[in-house]
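Going by the order they are written in, the chains are A, B and C; count residues from 1 in each one.
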Amino acid sequence: MSSDFELKVNVLPVTTYNFLHVNESTIKISDLSLGKRKSTDEAELPSGVSKKSGVSFGEAGKVFGSFSGRINVLADGYAAPNGDTSERDKEQAVRTGMGADVDRLMRDMNVTSDVYTVDEGVKADKPIAISDKYEDGEMALLSYVIHAKKDSEITVILMESSERSAAGLSGISVRLMAEDGAKITLVKTQMLGDGFVHFYDIGGACLEGAGISLVTLELGGCDVHSSAYINLSEDNSAYSSNLAYLARDDHRLDFNYVADQRGKKTEALMDFKGVLMDRAQKTFRGTLDFKSGSSGSVGDEQEDALLLSPDVVNRTMPVILCQEEDVEGRHGATIGQLTEELLFYMMSRGIDEERARRIMVSARLESVARLIPDPDIMQKTIYYIQNIL
Amino acid sequence: MSDTSLLQVQDLSVSIDNELPILHNISLDIKPGETHVLMGPNGAGKSTLGFTLMGNPHYCVTGGKIFFDGEDITDTSADKRAKAGMFLSFQNPYEVPGITLSSFIRNAYHAQTGAPVKLLAFQKSLKAAMQILSMDESYADRDLNVGFSGGEKKKAEILQLLMLNPKLAILDETDSGLDVDAVRTVSKGIEEYQKKKDGALLVITHSTKILESLHVDYTHVLVKGGIVHTGDGALVDEINANGFERFI
Amino acid sequence: MSDNKMAVADINHSLYDFKDIENEQDFYRMEEGLSRETVLKVSEEKNDPDWMREFRLQCLDLYNRIKMPNWGPSIEGLDMDKISSYVRHKSDMKGKWEDVPEDIKNTFEKLGIPQAERESLAGVGAQYDSELVYHNVRDEVAAQGVIYTDLESALRGEYADMIKSHFMKLVPPTDHKFAALHGAVWSGGSFVYVPQNVKVDIPLQSYFRLNAAGAGQFEHTLIIVDEGADLHFIEGCSAPKYNVANLHAGCVELYVSKNARLRYSTIENWSKNMYNLNTKRALVEDGGIMEWVSGSFGSHTSYLYPMTILKGEGSKMEFTGITFAGKGQNLDTGAKVVHQGERTSSVINTKSISKDGGIGTYRSSVIIQSTAKKAKASVSCDSLMLDSISRADTIPGMDIRTNDADVGHEAKIGRISDEAIFYLMSRGISEEDAKAMIVSGFANPVSKELPLEYAVEMNNLIRLEMSGNG
């Protein structure tokens, strides 16, 4: 099977001026033909966790359907914001950061899902580590569903890597269902070669008291989309995201992260740190959406982009939507160079400028890498960062 | 001193947001000019009592009554209590950007008296009060509590006490977080308030620093939401020496 | 003095919402709708030079081809077939208030314009529906060479070439659909020229009043502040409320030359049936300073994002804005800035308040081009929600194309805390006053940028909105 695709993805939850070119992004894939990649989670699963492979993409999404009366509820009197784009992703089992076109691609290509289910009350004693090492020229689409039942806890780590010079396609969809009191931690470290088109599309739903934490490192690839739409559907649910990226050469990075806060006293904390070099381009979209009924909720989103070359393009689109009085939302962004004072301080201790810069740049990425709960994968990631800088 | 009560609290029980019960069966009787001290360990409910007396809507009276100047004020809103002559000095005064300290006091004064404020006279008395509190005059034109240090915030509270001149001042942990000099300055302000008028005081504190220069008529010990003991001024010294152990 | 701002002045709810008893025969009103014929008729009415007539027709063609915006508030309620694009009183523009027709004069008297002119303005222009009815500038200001006149006479007078080379060059009719519409049917508005190194100490003011129902106002304001000169221009807008939609699609083009400074202040209180689709843009040369102060209180629907192009080295822009969206209002406001020159700097500071189901959206774009080395941009936008049926959305965008720039962005959204209200009430202030006081305090960074009378007017508007009678 072989064909061409053009996906319209990362649609901003509310459209704005067209001249900013942030309302959406496009991925073009030509001659798509999938290999027979099976993800390699060779290690034994933690007890209380089961895995079902070969589930069709649609079938795997049905777990969200069974909770749809709790995930997608809108309070009375809800009014859409100006330029609302939610309509186009309505058919998704759970809304994802990249949106409905990824679902369509997965279905069209008959991609099957691996569905991991964590039994009620089980606190997994170790992470599920999935590692994919790509060959040059390989094309793969992967789909995972993580279903954490009541009061369970699970950590999943994805490592996507290839040789530095390799090219190919790596597309991953991860859908997360956290039932009441469940906690899901999803970690991904991406170290693909300079010719890789990569996308990472997350959709998640939290019921009462549930939590989703994301740790994401986008360090390689030439055309990368990385996005998440997390529904904080019920009271006291929480979402945190820590993301670090490195974009160099002519690479293009495109993000769309959304926290949809509907329950009372929900919490969304998003932190994005990155480095842009050479002629790299990055578009970052981050949205806190306080829907009516989300009283007592807080949301905080911070972006820190370090620009190291005069030829980079950095687009930032930090959105806060709010239809609830009793909430606290904040967004901060700092975009620019390393602070001269800090540089001077390090140089005054005898470190030369070039090295001082390198230390500070890698420190920024490593601070997120250190959140990886698997020592081996963490070391590989840090080694990759130091090697590239 | 007169025989009629200024503040009468009868069998008062309070819970937060209709959920957690905090205070139970509190009774107090404060007459004009008297100084009462409410002491107790952390978490006993001291600040809750202060907020309830002033009418903070977060604290629900689930039983009992509060009378001020003979009027039942149990269900009265905070502004009306202030107009009736009550004042609460906050432990953590709120920052209000965009309104200067002096214009805020002028507004409060106007709201309470209903009389037009004579600008020159007002400025003069504000300046005098600030001098007593060793406050730099520039604070008058700064936004209310915005960027004030802990000490300056407490001074700004006492400044309002002096300018608004209430019949009863409730001071909630006014000495907490202050150094010795600041406590002395604040105490001077409180003495000034007592001097000016037959002003009554209810001093809420868990330490005794601020009480050294005040004449105390009654001391109440609050433990776990109830008044467990009432004595005279000497009780302060005893607690100072031995702590709260014997009341717990 | 904050003192005066806090004082609760007498509020007359009908201050802006009075309809004037018009003798219809005194007014010329163009038929509703938009066609080649209507555009030619406006052109004829205005005795346009040929180039302008051609320009209008080109704009109409663009208008018909450009699509409606695919973002922002809905403008479905606006039916161009029901809007008359030209309404004017049959008498000419006057230079003395006594000569202005009685009915129109009464309107401006009620709005306090003649009095303000006597007391604190260097010059006044007053537009009623589609035409200026009054224009005057103080003798001493005129003696400095300051030109303040209606655009139509300027188009035919000494400054004709200057107008031709600047008119809709900064806001081209291709910019968006309503810029094209403006180009086709514009009428009224002012032309200001401040010669080199002339500093006008007291503000000039234009007041726009749209009195006719179902009409559009399309005034064009063109201001050129020459090298080293300094001007403060104030714009006020109001209209009575009708049950049919009115449209305001004005255009403001501001040229700030080398080392010049222009402050442009607006208090907009259009009635709540108004579609306010206004375009404002400034071009700033080396060392020039552009300052915007903008208060948006009125209108049913607004699209308003004054844009500044910092072309010259070291040029600066400051935008201070407040938007109060009450019942039935969808106000989409903000600012745009493009940094081109080296060491340019911009500061955007906005406050937005939403109440009674109103929708307040802050929308902006900050663009730093690769030529803008050592540019600095900072954005701070705060929103205050007064209940849970309203909306407050923040949609800012940034596009940065050099590493040698320093960009900061901060957005906050929240409510008036119960503690703050209780604190004020404990000092004897009523709940309603406490809320109004906190909202006024929230708005203070904007009101302190305004001349005193306007700050007082703005605080009155806030009180009016807070009491639910806005």
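Operating definition for what follows: a contact is a pair of C-beta atoms (placed from the backbone, for glycine too) under 8 Å apart; a residue touches a chain by one contact, two chains touch by 3 or more.
Predicted model, so just to flag it, every value in this text is computed and none were measured.
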{"item": "Neighbouring chains common to chain A and chain B, by label", "value": "C"}
{"item": "Most distant chain from chain A by Cα centroid", "value": "B"}
{"item": "Most centrally placed chain, judged by C-alpha centres", "value": "C"}
{"item": "Comparison of B-C and A-C by number of C-beta pairs in contact, larger one", "value": "A-C"}
{"item": "CA centroid of chain A to CA centroid of chain B, Å", "value": "52"}
{"item": "Whole-Å separation of chain centres (CA-atom averages), chain B against chain C", "value": "49"}
{"item": "Distance between chain centroids, defined by C-alpha means - chain A, chain C (Å)", "value": "42"}
{"item": "Chain C to chain B touching residues, read off their complex", "value": "2-3, 6, 417-420, 422-431, 433-434, 437-438, 440-445"}
{"item": "In the complex, chain B residues that touch chain C", "value": "51, 54-58, 77-79, 81-83, 87-88, 90, 93-94, 96-100, 103-104, 106-108, 111-112, 119, 143, 160, 164"}
{"item": "Residue numbers on chain A that touch chain C, as the complex places them", "value": "14-23, 77, 79, 81-83, 276, 290, 292, 295, 307-337"}
{"item": "Chain C residues within the chain A interface of the complex", "value": "70-74, 330, 332, 336, 357, 359, 361, 363, 365, 370, 383, 385-415"}
